[in-house]
Amino acid sequence: MTKGNLTRRGVLKTGAVAGAGLTLPTYLRAQDSGFTNAPTGSTVTLGFNVPQSGPYAEEGADELRAYELAVEHLNGEGDGGMMNTFSSKALKGNGILGKKVEYVTGDTQTKSDAARASAKSMIEKDGAVMITGGSSSGVAVAVQALCQEAGVIFMAGLTHSNDTTGKDKKANGFRHFFNSYMSGAALAPVLAANYGKDRKAYHLTADYNWGYTTEEAVKSSTEAMGWETVGTVLTPLTQTDFSSYITPVLQSDADVLVLNHYGGNMVNSLTNAVQFGLRDRMVNGKQFEIVVPLYSRLMAKGAGENVKGIFGSTNWHWSLQDEGSQAFVKSFGTKYGFPPSQAAHTCYVQALLYADAVERAGSFAPCAVVEALEGFEFDGMGNGPTLYRAEDHQCFKDVLVVKGKENPESEFDLLEIVEVTPVDQVKYAPDHPQFAGGALGTCNNGA
Amino acid sequence: MFGLNRKDATLLAIVAALIVFAPFILNPFPAESGWAQFNAGYPDLMQRFVIFGIFAIGFNILFGLTGYLSFGHAAFLGVGSYAAVWMFKLLSMNVIPAIILAVITAGLFALVIGYVSLRRSGIYFSILTLAFAQMSFALAYSVLTPITGGETGLQLALDDPRILDAAAAGGNIPVPSLFGMEMRDSVDLTFGAWVFTFNFGYYFCGLVMLIAFYLSIRIFRSPFGMMLRAVKSNQQRLNYTGLNPRPYTLAAFVISGMYAGLAGGLMASMDPLAGAERMFWTASGEVVLMTILGGVGTLIGPVLGAGMIKYMENIISKINSDILHTWFAFLPDGLEDVVVGLIYPFIGKGWHLTLGIVFMLVVIFLPGGLVQGGQKIAAVFRRRSANAGGAEAEAAKQNPAE
Amino acid sequence: MDAIILQILNGLDKGSAYALIALGLTLIFGTLGVVNFAHGALFMIGAFCAVTLSRLLSLSHQVAVPGEVDFLGNPKMREVPYAYDIFGENLGATIIDWAVPLSILFAIPVMIGIGVIMERGLIKHFYKRPHADQILVTFGLAIVLQEIIKFYYGANPIPTPAPSAFVGSFDFGALIGFDPGTIIYPYWRLVYFAFAVVIIGAVFAFLQFTTFGMVVRAGMADRETVGLLGINIDKRFTIMFGLAAAVAGLAGVMYTPINSPNYHMGMDFLVLSFVVVVVGGMGSLPGAVLAGFLLGILESFASMREVIAIVPGINQVVIYLVAIIILLTRPRGLMGRKGVMED
Amino acid sequence: MGILEVKNVNKRFGGLQALGDVNLSVAENSCHAIIGPNGAGKSTLLNCLVGKLIPDTGSVLFKGESVLGRTPFEINQMGISRVFQTPEIFGDLTVIENMMIPCFARRDGVFALHGIRSVASEGELRDQAEQMLEDVNMLDKRNMHSASMSRGDKRRLEMAMCLVQKPQLLLLDEPTAGMARADTNNTIDLLKEIKDKRNITIAIIEHDMHVVFSLAERITVLAQGTPLVEDTPENIKGHPKVKEAYLGEAA
């Protein structure tokens, strides 16, 4: 085991031995190369900033596994995974631009302060040229702003709020994951097809930004299909027992409950809803249904039996049969013994996309990378042909509508794909009202 | 010197020296060595050390002197950060107005909460402060999103008015500065294999902390400080001595709230983003733990406690298994895996475990906190010199424990 | 009307959990004078007792399924619990199904053991130390316990369902003259409420009617005098700590089917239970129970849409707001005694 | 008219009549003792004088001004100091600090925010405090941690803390309780000196008749919350009602 040497900054290897001297630091100030943390030695350092403590620690752990795998593949170890199926062939398995990839890790704790502290230490101390990871939109937005300021690239991990590439978008930040709007747009037709167009929906929404955007997206898409929204209630983030939010649903004439919750909130609200027998009810002569707009396999596990038959959307699932997904699942499964989560997938892909962009640009300079990624079209990464849109740095690709599997064969086999919603159906204009406000600004090299 | 006795002046000088030379002290390992992981001398962490040091110093003025245990002090830090960021958004990227507004806002907030909470004492007081802080957090995270930014925190935007500043150049948001000196400006000193970073923002925070520390010494040694200790010692006697304890405790509460606001304002100046989780009860609990860990009622203890906790959070949490493997690569393969397996639970994602163990060990073996640990070490040295010489130790004994 | 009845039921149910945790916390406060920040962790460990037992019961070995392959192309394996081998398929399945209630038997000795070890090994040395030191050491302990659980069980919630006999809801509406189906309540939540009432009753009876309880109550009122009478109060306090741990643990065991347990669930409840104890009044057991139910019910009402429409965000802050109002109008909470933890 | 006038004071605790129509007049520069069996209401009366309790009816006038409704610290600022049965001092502070706090209270009133000035720079107050310590023979203990002193020293310190305020009325609650005879005599001497040299009016609650008869100029006997007799020590000695009250209690 020799990978992950404790290099501080590549530049020092050559320059430091010369003796004492005052220099401007390599970060936050332009040097000869003109950008923050330019790797000048034989290695390049990436920063993997994931939640390692707190409620999303499992997702963070899975993200970290994916990054380690990506680093292996970039450095030419292992079976290469998606590098073999990726439509761009710029990556050669010799690191990035011939420099061996090394990495540092940090704990975001799913708090924006801690996440920024961790990212800063990667930039200031370890000389990371790119930061990636995260499992919540609050953290993604906070770290993205930091990277913009510091002049490094941010490749977002799992972040689903519209704001990340909406009102809080930044030129140095990129998101491969899908968003609230896409969830709504993909889900609504499937819901209409399965549950009919004459439905009354009741929303329980987590009382913070991601909850707001998801509620808005699902509401407007389903209403466009003819559904009626009879009630929306905001629930506190710290809520654990949702019974008092669920019993009023019994009293309303709603026949669908939409749970705009994620993580622990989702596990608890769904468990509670099923406990109260909502799924066995008949309202307005129809079977009562529950919808979870954003699914996570790791979290679905926490809800156990309760997810069976419940519709939701997800960015990616390991049971996809395309070549890229298969290759990724195979190399991940071989290394760790179980299939990867959607968080692992998006992180792995982001790492590869970044490396590829650097290769194509021929430079680590953020502005060059931004240029290479903007408008980049690729395939073979699991979601069909994908576009990194230049206007908002959001990936446009197919979205999966899934539902909880009735007869899971293993603890990983909890969701089944109902429909792969084609990218055109989830596309929106960059100035769509749900994404209004904010501006990308210009890319920042840190000069 | 500065109206301090010799002992306090020495302490102040030591703190000043620590602040000035921190970039050296915190980077003891050559940048390329395996131990560089333990280096803490990079701007962000050094800034955090002093900022949380200020927070803890202020908290100690209330808790250490009066014994009133506030479990909601993070609310003042949060309010201070919000005030500062709003100042950046509306007025100017200069940190001075931001910090001033942060201190004033936090002070007013503390005045209101303190006035109500101080009607009760003991655990009833603690729970009142906790309730206020939790309410602040919950509202800031949800209902007050338009003012606080909610989950994503309050951030600067390109189209902020910034009345006093000229229009932003280019497509990037300007950064906080002090009359043109940007907080993030840094200079590297390369010395052989060592690299030391001097950051303007850090020295600005350091200067502020030195002033805050000096003020806290003055408060500790003042009649006001004595009255606060009297409050802790015997409120009944204080009442029958013709003194009203309430304004004293309220003043202490407001002063420590202003310290928290100062810390919040500085935090926003170093990194212009204010998030609601800064006000969560765990954040309030953290400053309590910092103070107790360092030594309640001592001058320097809270700063040490703050440094300890922040060091663990930022350094231990970043060690991953790969790094462990590089450290122990010299061992035979089987043994290497065993050693790494033994240490692994305590580092990286297990840093909380190490933190918990440190809390327990310190409180079990050093009832007076880290300061007592320092005194014990000092006592060992004194004993040695006493064996050699003699008279010096006698002088040391006369010096009452801090 | 039916909405209000339902919210009262919700409140009683939430209140049960609050009251059970607060009961143990206030016992420790009252008898030992210790601020125990690890009490939430005891609740959490109780919940993980249930997880552990249900895992133990469903321990299984693999049997290959002929003719099928898994996602990596290896032969597919099917899990067969050992319980099936030992008890036969039917009884084995029933035992696994009843894992949560069975965990009560498992949790009582475990929790008492943990409580006694905690008290003898650690807490005992902190009786005479300042509250600040107690906070630091118990907080440290809580973190350590939590991290140990996280190390072995991961950070994700672990579903631990109730026995299938308790799945489904009870129709209250039909019982009290409303339309059927308007007031239904899940069986397991009713079980939880009943369980809480029994445990609370048992603790009160124990303190009220046994000599042991009398001594402990006397000790709560005046520790020194009881000590002077030559009664070994320390030993009894150790047992009290074990008892408090068991109450918290049982609350955790029974809570698992309501919400899937995770390693930080203790911290989620810790702050709330402190508020409950203090609102109830320091050193008062009935106060803690009363405050638990009161806050549970108020929280439930505040989460109604009609209420939120009038005061936005009230559901976020109601508990704290009520706590502040009560503490300002009643200086020692609902039923607190003078001089307990006031300095 | 006396410096302290208590008129028709009543105080009930639930069903218990703790004080019933108490009238008391303490003349300036005198020593007035209040005696009575246990539970006679002596401490309740004292608590009514210093603002710890508020009487149900009646009035308490100090120098012609009512003290009722005032807080303890306001009453102290009017010139009444109190010594407790168990010494109430600032245990965490040193002896000299204990002494300086009343000096500050006298000079600055109920609240003054001297947050920056150093205690060490308050030379004048320190001199006052040290002078007082010398008067009670405790100057050598000035840097001691006050909680670590003997009970007798604590009591002397408490008394010194009251005296340094130059009160017009000093209330003493069993100042010699639990003291050895020698200490008691020292205390008596100290109190005599206080009264004679400092012109301080003293009201004292005491069980020890030796102390009472050595000091008091007038004595009020309280039984079951009501004053039985008020008279000079000579007349109190052997007063039948007094005997009855004490013997009745003993029986």
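Every chain is named by a letter (A, B, C and D) in the order it is written, and numbering of its residues begins at 1.
Going forward, a residue touches a chain if its C-beta (ideal position, glycine included) is under 8 Å from a C-beta of that chain, and two chains touch if they have at least 3 such contacts.
What you are looking at is a predicted structure, and each value in this text was computed from that prediction instead of being measured.
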item	value
Top chain pair, ranked by how many C-beta pairs fall in contact	A-B
Centroid-based (C-alpha) most distant chain relative to chain D	A
Chain whose Cα mean lies nearest the overall Cα mean	B
Separation of chain C from chain D, taking each centre as the mean of its C-alpha atoms, in whole Å	52
For chain B paired with chain D, centre-to-centre distance based on mean C-alpha positions, whole Å	46
Chain centre separation (chain B, chain C; CA means) in Å	35
Interchain centroid distance [CA atoms averaged], chain A/chain D, Å	74
Where chain C touches two or more other chains at once, by residue number	316
Residue numbers of chain A (touch at least two other chains)	53, 57, 61, 207, 234, 236, 238
Multi-chain contact residues (two or more partners), chain B	138, 141-143, 352
Every chain pair in contact, whichever chains are involved	A-B, A-C, B-C, B-D
Residues of chain B defined as touching chain C within the complex	63, 67, 69, 116, 119-124, 127-128, 130-132, 134-135, 138-139, 141-143, 281-282, 285, 288-289, 292-293, 296, 345, 350, 352-353, 355-360, 362-364, 367
Partner chain B, residues of chain C touching it in the complex	35, 122, 125, 129-133, 135-137, 139-144, 146-148, 151, 267, 271, 274-275, 278-279, 282, 312-313, 316-317, 320-321, 323-324, 327-328, 331-333, 341-343
Residues of chain A touching chain B in the complex	1-9, 12-13, 15-29, 52-53, 57, 60-61, 104-107, 111-114, 116-118, 120-121, 124-125, 136-138, 141-142, 145-146, 148-149, 161, 163, 168, 171, 207-210, 212, 234, 236-238, 438-442, 444
Chain A partner contacts - residues on chain B that touch it in the complex	31-34, 36-37, 39, 42-45, 48, 138, 141-143, 145, 150-153, 155-159, 170-173, 175, 184-195, 197, 271, 273, 275, 277-278, 313-314, 317-318, 320, 322-323, 325-326, 329, 336, 348-349, 351-352
Chain A residues touching chain C - in the complex, by the definition given at the top	53-58, 61, 207, 231, 233-236, 238, 240-241, 243-245, 247-248, 250-251, 264, 267-268, 271-272, 275-277, 280-281, 298-299, 301-306, 318-319, 329-330, 333-334, 339, 409-410
